[in-house]
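Chains: A, B, C and D, in written order; residue numbering restarts at 1 for each.
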Amino acid sequence: MDLEALRNFLRSRFPQVAGDYLPEEHEGRLVLRLRVGAHHLRPGGTVSGPALFGLADVAFYLALLARIGPQALAVTTSGQIDFMRKPGPGRDVLARPEILKLGRRLAVGEVRLYSEGLPDPVARAALTYAIPPDPGGKAGA
Amino acid sequence: MDLEALRNFLRSRFPQVAGDYLPEEHEGRLVLRLRVGAHHLRPGGTVSGPALFGLADVAFYLALLARIGPQALAVTTSGQIDFMRKPGPGRDVLARPEILKLGRRLAVGEVRLYSEGLPDPVARAALTYAIPPDPGGKAGA
Amino acid sequence: MDLEALRNFLRSRFPQVAGDYLPEEHEGRLVLRLRVGAHHLRPGGTVSGPALFGLADVAFYLALLARIGPQALAVTTSGQIDFMRKPGPGRDVLARPEILKLGRRLAVGEVRLYSEGLPDPVARAALTYAIPPDPGGKAGA
Amino acid sequence: MDLEALRNFLRSRFPQVAGDYLPEEHEGRLVLRLRVGAHHLRPGGTVSGPALFGLADVAFYLALLARIGPQALAVTTSGQIDFMRKPGPGRDVLARPEILKLGRRLAVGEVRLYSEGLPDPVARAALTYAIPPDPGGKAGA
């Protein structure tokens, strides 16, 4: 799936969040932009931890679909995230996913999150997805 | 902080999500209820992974505040979650937090998440919070 | 597999570490004892982090074998551990594994580690194992 | 600390494992070699999960000491590891640590592990260390 296909997939399958996430390509690699809105913020104007976790999860999901196509009912089986810096106020957050293993049953990867225009990552996540053996199966949450 | 104080704290400090989360007490222990709404669901009617992660995060945060009081600017430094079962459709999700360590600088705990009325956990999370040395400091995200 | 079967399994299949680990039963539940020796210690006499991680890993593995039998080539696919307190000097470490999900392809659980005779856990780990579809397959590390 | 200082530090402070680990420099970056021996292996000749976790832990520790010097009593507070591929038989394992955050109280990083000469990582770990406020303090395990 290319960038246009990923955007269409988000709009048709995840209409309730498609406005939050914009798939982009930076230097040949997939980047997912979180268009930060009021519903992502904690008191003080910081992007909330769960909003960052959600961004990492969707970014890895799209990176996976770009490789295996839209038909797969891949589901997250586990995630781990380190919150390292307060996101810069008033800045979108950009997620850079990386697939480290794409097996028959499990995909494993890492995502780094940056406040747009700032060099140091605000968070780093590891995600594992289960890939169902057939389109009808669903293995996790 | 008791149950009423936690509810007031949520309403005054986190008004944008206070309607989603209801602190309760089951058999003497704090339980946080996620009132599942359309914005928590993925296609197929499943509660999304990030919604479950957010529930675990807030549940542990409230358990911590119940111990150290509302003044602390505690922030999540890391989280890890295993998604084990699809949440039951049409059911609220209940989070049971447990504090395993409450140090001067770090608090560590675990949260188990259940679809209301079902015996097996849908997810299990570990959370670490940084506790700032003084009210003016903020160490993480 | 009962306690005796687990001990024999360790001796026959993992002879190089069988002297370190002793499966026991406390109040009807499997407990794995780490007989702490000089090779488990860091300077200062503390049990090392990797020794604790290894104990958690083997404890969950044995809990899994007790359920599914010795034939399975189950392999760890991921682990997460929080080190919370310095282990008490001169004390064995006891691991209490708990299986939270036993699916066809993945088993997920938690292990708490205690210095013998002390009430608070020294560490807490989450483990995921892949269960191969057939005895000949091997899916992970 | 440079490479020679790290090697001397390992020999003097961790004599029991100094023979297992060799700090090297590849293309200007610190790499820690695990000289795989019989005591690192599981049945079948695979490097064990705990041996890989230990390698990642020590690699990040040395990367940290290279930045903050040998005086610090830094201790691991948490670790997470994904085992992705079976290590190649008869090959050493090389760990490439990366520091993502070096704060006053916490250091966070990532380590990728490779079988020597093979392109795909066998494992990927995230580590968090607590840095004590003064040389006399010790915050974790």
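The criterion applied here is as follows: contacts are C-beta pairs under 8 Å (C-beta built on N, C-alpha and C of every residue); 3 or more make two chains touch, one makes a residue touch a chain.
Predicted model, so just to flag it, every value in this text is computed and none were measured.
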{"item": "Reference subunit B; chain at largest CA-centroid distance", "value": "D"}
{"item": "Pair of chains joined by more contacts [C-beta pairs], C-D or A-D", "value": "C-D"}
{"item": "Rounded Å distance between subunit A and subunit D, as computed from the means of their C-alpha atoms", "value": "28"}
{"item": "Where subunit B and subunit D are represented by their mean Cα positions, the distance between them in whole Å", "value": "33"}
{"item": "Subunit C and subunit D: spacing of chain centres that average the CA atoms, whole Å", "value": "22"}
{"item": "Set of subunit B residues in contact with two or more other chains", "value": "77-78, 80, 82, 84-85, 128"}
{"item": "Subunit B residues within the subunit D interface of the complex", "value": "77-78, 80, 103, 105-106, 128, 130, 139"}
{"item": "Touching residues (chain side subunit A, partner subunit B) in the complex", "value": "13-14, 16, 38-39, 41-43, 46-54, 57, 75-87, 122-123, 138, 140-141"}
{"item": "Parts of subunit C lying in touch with subunit B, wherever the complex brings them together", "value": "80, 82, 84-85, 100-101, 108, 110, 120-121, 124, 126, 128"}
